[in-house]
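Here come two complexes built around chain A, the first alongside chain B, the second alongside chain C.
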Partner chain A sequence: MFDSSTITLIFPWIILGFGIMATMLASSVRIETRLPAKLLTIFTLVLVMITSAKLFNLDTTITINGFIEVSHLSCMTLFFISAISLIFVVGSGGYLEKEKLHISDFYNLVLLMVLGASVLVSAKDLFVMFIALEVMSLPAYALVGFRRNDSRSNEAALKYFILGGALGAVYLLGASFIFGASGSTQLSQIFEWSKIHNGDVLLFLVGHILVLFAFLFKAAAAPFHFWKPDVYEGSPVAVTGLMATVITTAAFVVLVRLFHMVDFQSQSFVPYLESLKQLIRVVAVLSLVVGSTIMILQKNLKRLLAYSAINHTGYILLGLLGTMSKPEQIYSVWFYLAGYAVISCGLFLLLSQSETRNDQGLELVDLTGLMKRNPLVTALASIFFLSMAGMPFTVGFFTKYTVFMSSIASGEVVFVIIAAICTVIGAYGYLRPVALMVMRDPDPTAAEFNGTKSNQALIIMLAVLCLVLGVFPQALIQLTKGMELIP
Partner chain B sequence: MENSQQLTALLIWPMLGSILAWFIPKASQRIYSLFISIVQFALVIYVAYPVITQTGQGLEQTLPWLSDLGIQLSLKLDSTSVWFVLLSGFVSFVVLGMKGQWYRRNTRLFSSMAFFLIFSINAAFLSSNLIVFYLSYEAVFIPMILMVGIWGSSTKANSVFRFFLMSFFGSILMLVSIFYLSYLYFLKTGIFSANLNDLLKLSNENSPAMLWCFAGFFLAFAIKVPLFPFHGWLKEVYVNAPAPATIWMSAILSKLGVYGFIRFVGPLFPEAILSAQGILLALAAFSVIYAAFLAIQAKDPKALLSYSSISHLGFVMLGVFSMGASAKTSAIVLSVSHGLTSLVLFYLYDLIVKRKEDVSLEAYSGLAKKFPILFVCLFIGVLASVSLPGTFNFVGEFLVLIHAYPVSALCTILAGIGVIFGAVYMLKFYQKLGFGVSSDAQVAEVAEDISGFDLIVIVLILALIIYFGFQPSLFLGGMTNV
Partner chain C sequence: MDWSFLAFVIFATIAILGSLMVILQKTPVSSAFSLVLVFFSFAGLYALLGAHFIAALQILVYTGAIMVLFVFVIMLLGQDEKTTDIKDTSLLFKGVTTLGAIGLLSVFLRAVMGSKEIVAKGQYSEEKIKELGGNLQAISEVLFKDYVFHFELVSFLILGAIVATVALAKRKNTYSGEYHE
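And then the complex of A and B:
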């Protein structure tokens, strides 16, 4: 049942599949042959970006057999995910070289992860979602443990794998409950069912919450966050960056879809909506508080960023809370994800430049007095940190702005106040590294920052993007407003 | 209101200065900064002139920026903001002419940050959209933190953090209040807007929500001014900051808080202020007295000046909380005069410090003989600070007391007593610095009396203080029922 239009619709995935096979072949020839694999990966990702960009001007949403959706939302996320992966692939060559990880398997696994993430963001069926989730997660486990001689890397991989596997099982259990209650695994049919359904929804609610747990785990919302600091610390920086951006984005797209799985306008789901809202409130507030307060105690920079990611998850959930009664506010979530990805992309690429003397990873004290030795890196890092803190004239301000606005518009004032206080606490956490860099005299034992040219250029580009979006966020907001959620 | 395209120039020019500073050689940074800031001041005068001469009339300009987020870049220069903008233009030009280590170390960063600061200050004073105001109000932190952090004294890190966290805490709650107000407006009209003119339509509502929003605004501005008991951050930062940053903070940034009260809190929450007026006036009067006591006990002269700054701002707040158009004008007059006085005092103190190594008040003595001209100038500054009749401060404090008296006699009397304390600590300050047994060894070798740019500028400021002391009518156009 192939007609030509379907093929154009799934072109990005076909290209990704070919890319994965080609890079696999490249690694089977000789494991040290990395240039062909790298070039192939770049080529594949660029092609994916082009083909998904071609689908932007699609006016309608097309669902292929009820399983896969091709819409503005899925195409833009796909474009975005491949762009970010491209940035990491181009920018982290020097780092991989330095860590002696530069083998073609890395690229193969990254492409596999992108494939999983890209199917995940378009999945409209609970089982397609599960398969895509596993396709995304398995390479991620392998990538986390990529430094095989490092015990922390191994620990992180094992922890991530076991917890991820367990939560996968929880997801399946939840999906079976949903199937039992509604009689379908397709999101659109579940939506239709919820419109006409009258009566008990308890089984469905349990299933729904279990399914959500799995993705709240992937997005590292508290109290499902315990793996995050260890995994961030243990994995190679480039992988941490990919996790912070690609996996978070994919997980949130699915989370939003799953939250809006039922029609909240329908009569029997009114109390249901309230209990679901309660769940997000608890998780969001916990993430905000845990993320911001524990962040300010961290000494290791990657752990700090892990808690910062938990904190940001809280903001995004707050935005999600705002969309529960006003679905048109969904753009605030996308905008936050895009802005956050730009910032963390830059920050993690910058971290990949660092060379510490010991093998303990980059500690905060390693930044002491960096301004005197390396003003450019200091300026770039300060832009990213201030952006994370949400200072004006950086993209971080407007991401928080839209999220706060959307949740106040749906009446969640108390939670916005809590989030605002957490912003202040978090700002202290982000300001600490900046203060160390700027205000102290240089420390001869501190870390060195040496990046390759492509890495440096990318970081500067991202920093400029951070500032430009901090003054003119309109274009991005317009784009994200086009990413409507279609049940 | 006249529509005017000139207001954006007040934003574009300093921004341009901030960017171009990176391309100017280090040696000529001071000249460059002086040039940019003088042109900036001239621009301010040019734009402000029609507003001052025909009071009541203002300039307005609206640019589309982020209208779909409820943000509009609407600038407004009227009889309230014009004085603050003028003051900031003047102070910036004086400050950037000061010599110091900021023109030796990380010079480009200093000039760039200084102009970014001027840009944000101008944007904050001009904006009549609350979100844009918040943005610029927050943006002020970035250069301020860097200035204190890089050119400040050794124990600066903690003070910067306390300053930043306290201010940020206040202002982010203000942001939440702004959102909530916009939301209320949205519920009423269906349009999401944070423009002051739109939100003013909510001001006659008297609901608990409005009281909470008032609390958010109040906290932000009370920390910025600062008002007792929110002054905890001030002393450490003022003492540790380099002279330009101290002057900017005491002369301009504290006025951002005052301006916020006059411009936004007063019109938006008249009911809330009236219901809390007793407490607010008492806080202001207590600030005056309490800070004066702290100043009397201070060992470090810079700490003494910082506390005196709090004390004077207590007066300003007394004027602000008395409500009414004339009280507002008197608060503005006192704000400007306090800006000029603290500018001259901190400036002269910096000159003295450069001639001395030890900064404890006990260690100073007998400097007046060595530097007679400098100390004559300082004496005039001190007299201005204790509000001697014939100085600008006197006009301001007198007007404030007149307008506060009918509202609350007790608070006015309390604050009036504060003036006496003011004389106590300022004279102590002058006596310790200038008189006593001269000890030659402590004076730096190269020290010479005030001269050149410093002298010209100081005389200019003192002349302004005295001139406006006798001839304040320029400011009093908005005054109705004196």
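And then the complex of A and C:
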């Protein structure tokens, strides 16, 4: 049971729970008034940020009842997830208004998704992970289908829902195999079991691979990526941004935990490590190649960003590969996730300000000649696109650099070369919109970008953050180095 | 031969045959009723393991509530004359999926057979359950003490499902005040 000291440790989740209920009540009073729900959501997220920062300062590393971990890693990701969601909640009001989606259910669903993601990043038990995964996914399915009058949105939501449900079942099957082999669902006990176990590990390996599949699907690694372009294209831009940041971050934190579920130093797990490495190598290379090559063929901006997300998944998996033999390199993965989330947060907020002439979503041609009409937006968009491509002096360069270094340190040179080639191919994809904006003459049918002043300020802040982290990445790297994995 | 082993074989056979019938039946209603068979035999398996409460819940919740929901949805969606038929799919698709399923099954079987012992026992032995006063007591003990965090989280999961359904199924677009179909 929980005593008073434990209650202090799970405070962020309690606040989120109360916030969700308060938002529901606020939206039930009068359904047309959205301001109370929005303000309550902002208030809740700020409180969660403050409490998680306080927990981070406590320097504790404790696993409550073996289910929920409170450590530097979980507090930092919790802070990060709530900060990113706060930016989206603050910045997407105008967009929702424009799309006629601005109802208070949106904020409710976002808070529920944040609750799922925040439990997911600190879960140390296969049960909690599953429930948290579903708490995170269910609101996400609904948010994807939020534009109910758009058939693409409906299709995307249904596709995401059915595939996500099926992969949830795959996760449960894998978890039952792991439980059958190791006798526990708690990650710390499974780790202890792997230290003393000798003999056949095939049952455990099959279970392990199945649970990894479920989260590789959520992170959209290559053989499981087919849903991503359709879902990105169909969902509202603000939701796409939330998926690219919050869900990706949560999925990768769990993936890292699940990969390091067993003690690879133990005698019977040495050949096991090799087969897991083989799996990640295949998935990482596939994601890199598929992401970068198909990306350069895309005409729709959101589809382009979907393939770019698959490509970035490949880089993060490469960083994960580097940590298999050197667990202290794990900071490269966190650093990459943070950098990528900052970039995509800015880019998706920027895209949400566009107004296209037709209702087909933002195409690449809509950016033609934007330089002459709106230099500020062009500059901001160029910064984000170049960061994604990994240009020096932007955060995208250092994230790729640390991942490459950590994989080279563990001897994966061939894969780093493949990744470097994919970076070059991908750079073409990112430079294409930039070239369209800068070098062409204005097109009267192109999209307009007019957002509110506060949104502009938010996006400028994120762009400046991209550049500052691109020159002085040390602070963030130091912070991520403190986020160690605890078995 | 042990009687419980015989009962296990009977229930397991019914479960496997029933689930095969679910996917091979031509009309959705017959599929749904084959599923009832599967749920019943699962309840039998739970009872054999000594989990009588779970067996009762299985029949109440699955065969009772969830199956009614299934049949209700089938009724509401209306049943077309043309039903799905496995013969309509191409031979290549059937071959590939069958081979994939057999491959997966053999991997699973090999994995389960290969492990010398299934160590998952759990802390609730039959003696301990007797000591606590029965299945119901043991389950409540676990559910509301050790797993109270999970329990609360599940309530948020259900809340999320409700909010998501209401947000998607609301007939009127409350923002613009217009009706959309």
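Basically, the second predicted complex is superposed on the first by the 484 of 487 C-alpha atoms of A that agree within 3 Å, B and C clash if a C-alpha of one lies under 4 Å from a C-alpha of the other, contacts with A are read in each partner's own complex, and residues count from 1 in each chain.
We take it that a contact is a pair of C-beta atoms (placed from the backbone, for glycine too) under 8 Å apart; a residue touches a chain by one contact, two chains touch by 3 or more.
Note that the structure is predicted; figures quoted are calculated from it, not measured.
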Please work out whether A:Met391 is in contact with chain B alone, chain C alone, both, or neither, and reply first, second, both or neither. first
Given the touch rule stated above, what does A:Phe252 touch, chain B (first), chain C (second), both, or neither? neither
Which partner, chain B or chain C, is in contact with more residues of chain A? C
Let me test your reading of the model: by the given contact rule, A:Tyr336 touches which partner, first (chain B), second (chain C), both or neither? neither
Partner chain(s) touched by A:Met439 [first = chain B, second = chain C, both, neither]: first
Quick one: is A:Leu101 in contact with chain B, with chain C, with both, or with neither? Answer first, second, both or neither. second
Between chain B (first) and chain C (second), which, if any, makes contact with A:Gly180: first, second, both or neither? second
Is A:Leu112 in contact with chain B, with chain C, with both, or with neither (first, second, both, neither)? second
Looking at the overlay, does A:Leu203 come into contact with chain B only (first), chain C only (second), both, or neither? second
Chain A-touching residues of chain C, taken from the complex the two chains share: 107-108, 110-112, 114-116, 118-121, 145-150, 152-154, 156-157, 159-161, 163-168, 173-176, 180
Touching chain A in the complex, chain B uses residues 66, 68-70, 106, 131, 134-136, 138-139, 141-142, 145-146, 149-150, 156-157, 160-161, 164-165, 168-169, 172-173, 175-176, 179-180, 182-183, 186, 192
Listed in rising order, the residues of chain A that touch chain B in the complex are 371, 386, 391-393, 397-398, 401-402, 404-405, 408-409, 413, 416-417, 420-421, 423-424, 427-428, 431, 435, 438-440, 473-474, 477
In the complex, go through chain A and note every residue touching chain C. 1-2, 10, 17, 20, 24, 31-32, 64-65, 67-68, 100-103, 105-106, 108-109, 112, 115-116, 119, 127-128, 131-132, 134-135, 138-139, 141-142, 145-146, 148-149, 157, 177, 179-184, 199-200, 202-203, 205-206
